[in-house]
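The structure follows.
Chain naming follows the written order as A, B, C, D and E, and within any one chain the residues start at number 1.
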Amino acid sequence: MTELLEVSGLCTEFTTAAGTIRAVDGISLSVRKGETLGIVGESGCGKSITSLSIMQLLPKRISRIAAGQIRFEGRDMLEMPVKEVRGIRGNRIAMIFQEPMTSLNPVFKIGRQISESARFHLKLSKKEADERAVEMLRKVGIPRPEKIAQQYAHQLSGGMRQRVMIAMAMVCSPQLLIADEPTTALDVTIQAQILDLMRELQQTEGMSILMITHDLGVVAEMCDRVVIMYAGQIVEEADVATLFNKPLHPYTQGLLASLPQLAGENDRLTSIPGQVPNPANLPSGCRFAPRCPAAVDRCWAERPELLEIRPGHSCRCLLQQEEVS
Amino acid sequence: MIPALLGIIVITFILSRVLPGDPAIMLAGEQAPEETVNKIRQDMGLDKPLYIQFFSYFGQLFQGNIGYAYHTGHSVASDLATRFPATLELTLASILIAILVAIPVGIIAATRKESILDHISRVFSLIGACVPIFWLGLMFIYIFYSILGWAPAPMGRISGDLNPPSHITGLYVLDSILSGDLIALKSSIVHLVLPAICLSTGTMAIVARMTRSSMLEVVDQDFVRTARAKGLKESAVIYKHALVNALIPTLTVLGLQFGYLMGGAVITETIFSWPGIGGYVTDSILAADYAPIQAFTLVSAILYCGINLAVDLIYGLIDPRIRYE
Amino acid sequence: ANPQTPAATSAAEGTAAPAAAAKPFLTVAYSEGGTTLDPAEANDLTSDTLVLAAYDQLVTYGIKSDNGANIANTEDIKPMLAESWEVSGDNTVYTFKLKPGVKFQSGNPVDAAAVVYSLERVAKSSSGSFLYGMAAIKTVTAKDDSTVEIALTNANHNFLQILAMYTFSIVDKKTVEAEGPDYLKTNAAGSGPFTLEKWDPATEAVFTPNEDYWQGAPKLGKVTMKFTKEASNRVLLLNKGDVDMAIEIPPKDVDSLKSNSNLTVASNASNRILYFAMNNKVKPFGNEKVRQAINYAIPYDELLTGVMYGQAKQMKSSVASNTPGFSDAGYVYEHNLDKAKALLKEAGYEKGFTFDFTLGSGFDDWEDDAVLIQAELAKIGVTMNINKLARAQFLEQQKTKNLTAYISKWTSFVNDPGYHLGFLMYGKGSSNYNNYQNAEVDKLWEQANTETDAAKRAELYKQAQEIITTEAPWAYLYEYNRIVGMSNKISGYAFYPDEVIRFYPLSVQE
Amino acid sequence: MSTAAHSAQGSPTAPAAAHKPKTLITLLLHNRLAALGLVLILIWTVTALIAPWIAPHDPYLTDMANKLQAPSGSHWFGTDNFGRDIFSRVLYGARISIWTGLIAVAISFLIGVPLGGVAAYYGGRTGTIIMRLMDVLLSFPSLVLSMAIAASIGAGLTSAMIAVGIVGIPEFARLMFGQTVSLREKEYVEASRAIGVKNSVILYRHILPNALAPLMVQATLGMGFAILTASSLSFLGLGVKPPIAEWGAMISEGREYIISGQWWLVTFPGLGIATSILGFNLLGDGFRDVLDPRLRSGK
Amino acid sequence: MSAILEVRNLKKHYPIRKGFFAKQVGAVKAVDGITLSVEKGETLAVVGESGCGKSTTGRAILRLIEPTDGEILFDGTDVRSLDTEQLRRFRTDMQMVFQDPYASLDPRWTVQRILEEPLRTHAAAKNSELKSRVEELMQVVGLTPYQAHRFPHEFSGGQRQRIGIARALALNPKFIVCDEPVSALDVSIQAQVLNLMQDLQEQYGLTYMFISHDLSVVKFISDRVAVMYLGRIVELAPTKELFAKPLHPYTQALMSAVPVPNPGLKKSRIVLTGDVPNPETPPSGCAFHPRCPFAMDKCRKDEPVLRQLDSGHQVSCHLY
């Protein structure tokens, strides 16, 4: 297997009034060529920070990558000069964001915003770039792309904007697309359209996708492999079928159980009690221990490691690891 | 616009009429006996009830007649025609200075937040906002004219032994450029510099602060992150994507500054013997000369509305969201 | 001065006549821009100056020399447009003979019709009409083209003095009638030594010489009046040589200007007086003793030296000391707080009292005077609350005759006690705003009015002044000096009681 | 007419730890410039309060023998044209200026805030009329308007305060209007309505407290503006009556003396004005930074 | 069972004003003729996509916004005829829970004050009882009373939503409109709140109108479901029936669009083309026709009405 992106031991810290917060704490993951990796987790668990760390788009003054490596096609992006990172960013790794409403510049025409990266990275002439922008719009299924290219963001609906974002990301045919909750702000019917589009593009362009979401349904439909995050760490990693069928980590199990099912019956939801811990004040042992129904004394004292329990299935749980060994 | 205008007219009228002091006495001179004063009062229509005075004022206004200035002996229209260009030139020059200095300063401060440059520019803009114009003006004259001899005599808009450039716009600098009169150009610029700087300090300070804070705000926004994610150079991100958006609030502030500048002109003109409308209105207020007060407030209120209308139009140019609404 | 070569000038102007260009220019800093050019309406210093530069009158004042300075002698009436005149035996009819061949700047002749027209305009004017009344003119008739007869309602010893005022300038009837009634507001149509080239009240007025002036072409190539409100700026401009002459110099700057070897400062005693008026109808100023006490409490020396820097003179009568007929009879006041206290005690105000004092804005020295007087009065237990009003408001309030106390100035245009007291101290005087009433004074004044013998008149005025000074409706503050700063190169300056500078006699050495 | 974003005033505060007074002060003190502003204001306020006890001379005592003395050991800031001690006058001037500022801002606040709040919350025709009126007031040059008002009421300290206060009304009204419009849509306001709380109570209990932060910023900045405008009025002869020691009036009285080299007559009151306004502006800015979580987190 | 609430032909049109004189140039037909009834003790869910008028419906029923037209009968009272004072008193019976747990609590008020507000407003508890009543309310929603003096920002989203629910419960209402009460919460928290709401309903016999855009949540909580599209109800049926046999093409598409958290299940999906139309300019005829895979000529012209098909299943579609 060829690893396109390999993140290892990534730690990202924030300086806040309350002290230094480690928002991402030792994340290791890899995205292979052509696959879709999902990152799932509750709000604030560090999904976005992980993706911004990869893109090196963190707010500079208050955050820093404290440790780790981010290898893209074998080269550590953290060691590269800024210029090279820029050459990768938007060109070979592209990103789309959660908020299609605010992620487009309100004062520039759609066409220009799309052609911008083409001109910058592919050194196309203005005319070529403009044509390419229209072509991209057509590709993402926007009707009358010539006309839309001349419009502004506020004239488009949310779904259209997200298509534009995708077009913008795809303009340089990136190897990797990082999608940070690309459909959370959209209605289900529109979400279905966008997800279809992404799948289609992946097949035709052969790119890899790093899909960040908190919606397990989206994961089930889109991803090949899944990483579950909890409080800045990965707690479980597996291919999608395994994860849904045989989840190991109590958090994953709880998450799946708490979902109201559209298909099938549910009289009462199983909920995970308590709430996500404050990143400034994490439990000393397993971070999930306070909410874990199965937690034993050990869980409060020891910090579990992420270990591969079965081939391709890792889990950060002392109990599971015990069971296996 | 029309109700606002009506409001402005009514308020102006009331304001000028509640001013104590009798223009008839001023006109007659202090040695004039009562009969003379009464005669003048009748001629001026001041013996009529207030509401009749208002209607006649309003009627006159409707016919484009803004009255007669007793303290100068000219029709207000002709007074304004001779003095207004001077004030306009002064005001425009200070706006220009404010824009040319403050916007770059604000941008630099914002992009290098918390750096020495930022601190210096913030301190300067804070000081600019709190130095009284009248004090600054007096100091300027003392230092630059009296001691150093760099500045020309604080006496009008152009050196006394020169003829003003031929009247095209009434703005000496512009007129001398248009008529190719280099000597007049130099003289009118050196006469303009001190009063314009003096008047612009407050505006400069406010615009710099505004630019800085709106820049900081914009730099935080999603679409700027999108631009960065495209791999664009930082300068392109700041100057292409962020700046235009940041200029919108700055523009609002500039529009609102107009009223302040007109007020500031009153003082600046007094100190620098600038033959503008500011000194004129001060005299009018002190002399209880109604017509010029009414005309001045009316004109500046209309101008204020006009300028803010223009600001709105410029918004439209910058911000398509407004254009299409 | 602005020593300009003729070449540079004509390059910049393109218009100036070659003859004019050779003559030196004069730049004068004024404080106000003037309000009108109409002689009949002018009543502020700048307007008056403008009028006198552009117009002539029938008669004018003579000049006398006083300690080397030239000063107008207002009693000495000299011919101007009128070559000569005759007075009827009862002093009520004056017949003027016009100088032949004099032309207006337009080229029209100065004839009797123009004179009649001009004087009638004054009669109908807003501002000048009262002077017409003061002059007691009944009719003005043209006897022939060059003879005008003016009949008075009664004998008036001030008539010729009034007639010499700018108000009675002779205007070019034909031009005015051709151009319409408002023409004179912003244009000059006279026979005077200067032609108005530009008048912008906001910046400057420019005169060019009338080369055909009947008294001979002016010695100046151009006169520019620069309107500069700030007194300190005028001083700066003069000091730096940016203007040749500046009026209304603050007294405090006289010494520093004098130390500039390029400048001279003309500081002449004027008949402008400054007084502290007490309303005789308002308690406690109805009490003569209280008024006298105030007179004793005024710190005269501090006012003269501290505020006026010696550029003023102590005032000792209600009439200015350089007015013919002035008398300081009855003047006993000096700065003496003990006497003041004693008088207050006699008046029953041993513990002092509080009163409102109204200060009109616009004159820096008034404010200073008020502060010093306030401080001094506090020492005799009198609290003076200063209430500051804008000029217009002050004048309005003054007219109501209700102000308790105030400072005010006065310049009699006609330098004569009758004119002066008639306004200020006569019971029905139109400017008697502090309600001074004394039947005796009224009687003396009326008597003097019809008295044709100058010596007898003077005696009557002396008696009136003595009563007034003793009764002290005012505290006398000071008589102003008229301060004009000018370059050493200027000669020909003369001081006139009306404070107007006549540009015609001036010349500038290169 | 432009009613475009009044973003200068910052946006409604996000739920943040800054709502508790304790943290507010600490945060302010952490902001170095704001702390400086606070110190300046404290200095001037204390000066104003204890001026009679610390002034070395009677500020109104004329002493013509010692007039126009340059700064020296006995007269730190020199003497003016009446021989009055400028240092003492500057100290007393603080009383006038701070008092003027306070009263003027109080007038603007107490009139402007209810107007803006009512106009926004109840909306309708009255609301429109109120805000149009504010627009009209705002369209007059503020100094000229205050000159006209001051001249109408008659020069003097009180009228200067009233004039400056009136001129400041529209700023507060507009700010409160904007705040109310946005807060009115907040769910917690709607929740109170759903409970049946009276409108007036909602306005007073929910909207006002939540709008208070930006209003306080405006009030602090407004103090600076008020002091400046009031001293400008004095400079133009429409402010305090003589011989009151007010900074603007002192500059006005002293300006004639600059040309003769007596710079201290205007310099020290000028510094008084500048530093006190600086104090209020610094504090206002700091206030805003602290209250605006986006700026605070420096994100 | 009897209906506690009857809504007939409810309309809310927001005027669109333009220009200086604020002339009305059009209207957003946010809610355009809704008829429904809610039975005592049941949960009626309202689902639909963003902007279809769910919140407007809820608010109009409570008269938090003035309806443009229609009739609202609550327990026999004509809600629209109440004057301000009557309405204020009436509010004890109907309450609302809001979507955004961050915006629905005044950041400057302590929980104690927030919960006291309804009690004080309606003098529902004596001053001496206030404290105990607040404690009781907090316990009911699963919060510990010692937290009463904290400020909202000191709570997590789920806890805040509990506070919001407690506030709604304070006056013992009969009927609560829940406007997307869990959509801002994470799944694990969402389950807690949904469970709580269900418990409370049982305990107090509450009637809910539950607004949501999440079909799985709706399926879990509701007895009956109304599906809205562009200001109208397109289908209304008992939950089981609706999910077993959705009739309206929109409902079908909606259901098939929901991603199922089961990677094994590959289902055929109806992907709608196009966007939700603008309520300012709704399409002619059936508002859904531009996106409907079964659209006929008739659909372009005639507006379908909501018709009762069988056993309480109502649908508004020309296909039936």
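We adopt the following convention: contacts are C-beta pairs under 8 Å (C-beta built on N, C-alpha and C of every residue); 3 or more make two chains touch, one makes a residue touch a chain.
Note that the coordinates shown come from a computational prediction; the quantities given were computed from them, not determined experimentally.
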Query = Does B-D or C-D have the larger number of C-beta pairs in contact?
reply = B-D
Request  = Would you kindly say which chain has the C-alpha centre located farthest from the C-alpha centre of chain C?
outcome  = A
Task = Find the geometric centre of each of chain B and chain C from their Cα atoms only, then give the gap between the two centres in Å, rounded to an integer.
result = 38
Distance from the mean Cα position of chain E to that of chain D, given in whole angstrom = 47
Rounded Å distance, chain A centre to chain C centre (Cα mean) = 90
Touching two or more other chains - residue numbers and ranges from chain A = 61
Query = Hey, what residues on chain C touch two or more of the other chains?
reply = 230, 236, 361-362, 389-390, 393
Query = If you look only at chain C, which of its residues touch chain B in the complex?
reply = 2, 4, 12-13, 25, 27, 29, 33-38, 41, 43-44, 47, 126-127, 129-130, 185-186, 200-204, 224, 226-230, 233, 236-237, 240, 242-243, 361-362, 389-397, 399, 410, 413, 423, 430-431
Query = Which chain B residues qualify as touching chain C in the complex?
reply = 19-23, 25-37, 39-40, 43, 70-74, 79, 82-83, 86, 141, 145-146, 149, 153-157, 160-163, 183, 270-271, 273, 275-276, 279-280, 285-289
Query = How about chain C: which of its residues touch chain D in the complex?
reply = 230-232, 235-236, 239, 250, 252-253, 256, 302, 305-306, 359, 361-362, 364, 367-368, 370-372, 374-375, 386-390, 393
Message = For the complex, give me every residue of chain B touching chain A.
response = 113-114, 221-223, 225-233, 236, 241, 244-245, 318-321, 324
Inquiry  = Looking at the complex, which residues from chain B come into contact with chain D?
reply    = 1, 3-4, 7-8, 11, 15-16, 18-20, 113-114, 122-123, 126-127, 129-135, 138-139, 141-142, 146, 209-210, 213-214, 216-217, 220, 248-249, 252-253, 255-256, 259-264, 266-267, 270, 281-282, 285-286, 293, 296-297, 300-301, 304-305, 308-309, 311-312, 315
